[in-house]
Amino acid sequence: MIQVPLSVGLVAVSALAVAMFPRSVLVFLLFQGSLLFVYRARIPERLRWSLLAAALLVLMPVIGYFNSYYLEVATQVGIFVALALGLNIVVGLAGLLDLGYVAFFAVGAYSWAIFGSPHANIILGGGFPLAGWWFYVFLLVGLAVAATTGILLGLPVLRLHGDYLAIVTLGFGEVIRVLANNLDKPINFTNGPKGITPISRPPTPFGLPYGEYFYFLALLIVVAIVIVNRRLEDSHIGRAWEAIREDELAARAMGVPLVRMKLMAFACGASFAGVMGVLFSAKQVFINPESFTFLESIGVLAMVILGGMGSIPGAVVGATVVTVLNLQVLKGFSLWLNELKNAGVTVLGYSLADLPTQFEPAKYERMVFGVILVLMMIFRPQGIFPARRRQRELGG
Amino acid sequence: MDVEFLIGIFPQVLLDGIILGFMYALIALGYTMVYGVLEFINFAHSEIFIVGAFVGVEVMLGLKSVGLLEGLPWPVVLILVLLAGMAGSGLLAVTIERVAYRPLRNAPRLIPLISAIGISFFLQDMIRLFESLWRNAFNLVYPTLDVLNLRFELTETLDVSVKSLVVIVGALLMLWALHLIVNRTKVGTAIRAVAEDQAAASLMGIDVNRIISLTFLIGGAMGGAAGVLFGVQYGLINPYSGFIPGLKAFTAAVLGGIGNIPGAMVGGLVLGLLEAFAASYLSLLTGGAFGAEYKDILAFSLLILILIFRPKGLLGEVVRERA
Amino acid sequence: MALFEARRVTKRFGGLTALHGVDFALEQGIASIIGPNGAGKTTLFNIFTGLYAADDGSVTFRGQPLLGLRPDQITALGICRTFQNIRLFSNMTAIENVLVGMNSRIALGLWDVLSHSRRFRRTESDLAARAIALLDRVGLQANANAVARNLPYGDRRRLELARALAAEPALLLLDEPTAGMTQGEAGTLMRLLRGLVADLRLAIILIEHNMRVVMEVSDRVTVLDHGEKIAEGSPREVQENVRVIEAYLGTRGAGPRRARRA
């Protein structure tokens, strides 16, 4: 029972520490770690969820007040958690390795970007941007457009398996990226590499500042997605997906309609990315094709793999860890290194100031993803928090 | 639209297509050989390819710094650089196989593929890291050898540079060497046996692991050679330049029939020619609406279409459905 | 209208003709298909269930032509099967396996699932109850939550049967259901099948190598050899048929020896 005061204490202390040392990356990581501890600790359910709710709904925004960058990190984590949960359905549940997942995110983002900014005037003549409150409508529009794209992608690839499916989805993702980059003529749909800006933001309730607003909205959407995920998993649809992943032939023979189920997996997974895409474009106010590359697709895959394919808590943890690694740890390491350089520190006789200027740790996201993927595949393919069934399949 | 102009540039486009095609063919060989023996797509091959280019450029820069670049006869320099690139890539390929693929050989198919993707990403940044620390730059330029830039005029509209000739000759030599190895040596026969039926081959006394390593070595070396030729031809390389050519070369391998060595060569040439034609003619034919930047989409769309409608490719056998 | 009728079914694989114009019909009860290895029995099943396309002939079920339909469509019509090599969903539990089998009988949509509508909750509890009942029927109720991979061999065969029954078929195709079982286990299974035929008005087609089982439980036996039907009739008639005896290389008078599984 020591876990009860321990969990409460950890959360409280780390939150306080963050308030006292707003610039310390380590302290913020400690706070996030305390949330993970609360999630896994053996404490009464009521306490667990109250603590998490308090941390996410109260403490985090307060921390954000002291350090808006942390709020930004938290919002980014929320966005990627949603993406990871979406990819989780396609890869983790249905077993379809989609390497071009970011295309759905892009489609959602561009749908609001085009109509929520003056850009649509170029295509349609006038009357744009749409008023800010249309954003809420477009959350659903983005969902629908992405789901449709998912179905369109799914239809031709249905008969493919494993490697070939992966490569085709990769090709598809690249096609979307090249299109985004080049569809500025003959009709200017996407404005090419210049991107689209300024993108309207919705009016916020209670006059919340935008930082807090997008944080809460992302949180809300994530909660909705988690609920949808759970419901899908514990239904005939989830079971059908598992069966397809286990043995497609037998599933078919038992009456599972393969085409419909696979398309549903693609559509559901894609729709999450679509919704978040709309939020992303409103939050960023500016988007361009650079945000939607193969790197992002693999990043989301790394999150799902790290956390555990087919596992909801796994996707949440995976997304958090990877996003934090990239946004905070790598960047923090870069900053720290610069500080050491400026202070003229030497390591083993070698002055850090002599380090080549081109060496910026913050840019090594690919290495992070690569190492995660390889190590996980070799040592723990079922992920940190495996779904029950994957544990049996890969580890147990 | 000037038809005469279109016809006029044809020979140049053809030449460009052939050069591009040979390069794709060399890279495609790596994919196809590995797929032949393991039924596995070596996603990291695009980085194995570009490492060859980097080894080549480092050797050249090294020679330059000791004054040997101009000192040695240029064929010697080129052969040296080519061999260095091939050795570097080949060894890298073998190492990757041992470290990241062999432990996963019996795992469900997606696992080694994901591992390969991880290696690919890791290598990209590894090259960046190395070059950032070693040269404080990772966008590197191949030192020029003046002789390479000489041009011969073949016809009115067509002239070919020594550089292009070098690339073509180099590629042909590599392809010929590979053909000899695969078809005329004991090792080559062993490779073909393992590709055909691993179990039977091992029952015949073939050390399957050794052959697999050798396959990676040869395939990697081909990729490395392609990397050097790529660097010589295009001059500028960075750690991320391998990704797109790698994907296209994979398309070529599938086009020709994955696992089929002559198929890789055919597929490479076909893709190279198609791309060259698209790059030159697409913009002219569509009145500027869709230009050369869409040539990448051509390769990707082709890949998607082949995999869906004719996965066995032009020369390949039926793709066996994994039970 | 006949329940199940196959006429002149022909299947070629490249140069090899696996099935030459085979006729087969069933109204009710249990019919067995026997024959030496390679006779084409599983190929026939695969054609009946839509896994293979026939090159010639026709197959109808309750008057509805089956050739050209997808396996899941055929299952929805009322035919279900088990496999020679047991194809369970190894990492799912026994009850989950059975629940998947019910997929074609579930009338829920995406919206029901997402909203946890009353219809959803009612259907899910119905399904769970029926699944337990099916497991009970085959004797696996104690192992409902065991992972399929961990079940002993005999239990896995029975689970596959339960899963096939989950689709509420009118016709069940069982491919070597007693393979690997002891005589005692095989006997129990056969009594179970007889019970199913009586209680559920099921028709069953068996592919079998265990002659004792075949003779005990079948209403009718069909013998295939090299893709052709060489005999058909009651178990006794077939047992005494000279051609059948020759096909199995049994000695005259002793009946076909139980064919060995490789």
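Chains: A, B and C, in written order; residue numbering restarts at 1 for each.
By our rule, a contact is a pair of C-beta atoms (placed from the backbone, for glycine too) under 8 Å apart; a residue touches a chain by one contact, two chains touch by 3 or more.
Bear in mind the structure is a predicted one, so any value in this text is a computation, not a measurement.
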| item | value |
| --- | --- |
| Chain ID, smallest distance between chain and overall C-alpha centroids | A |
| Chain pair, A-C or A-B, that carries the greater number of C-beta contacts | A-B |
| Distance between the centres, which are taken as Cα means, of chain C and chain B, whole angstrom | 51 |
| Cα-centroid distance, chain A relative to chain C, in whole angstrom | 46 |
| Distance from the mean Cα position of chain B to that of chain A, given in whole angstrom | 34 |
| Two or more partner chains touched - positions in chain A | 393 |
| Residues of chain C whose C-beta touches two or more other chains | none |
| Chain A-touching residues of chain C, taken from the complex the two chains share | 49, 51, 70-72, 75-76, 80-81, 83, 87-92, 96, 99-106, 108, 110, 113-114, 116, 120, 124, 127, 147, 149, 163-164, 166-167 |
| Footprint of chain B on chain A - complex, ascending | 95, 97, 99, 156-157, 159-164, 166-168, 170-172, 174-175, 178-179, 181-182, 185-186, 294, 298, 301, 305, 355-359, 363-367, 369-375, 377-378, 381, 393-394 |
| Residue numbers on chain A that touch chain C, as the complex places them | 228, 231-232, 235-237, 239-240, 242-243, 246-247, 249-258, 264, 389-390, 392-393 |
| Contact set on chain B toward chain A in their complex | 40-41, 100, 103-104, 107-115, 117-126, 128-129, 132-133, 135-138, 243, 247, 250, 288-289, 293-294, 296-297, 300-301, 303-304, 307-308, 311, 321-322 |
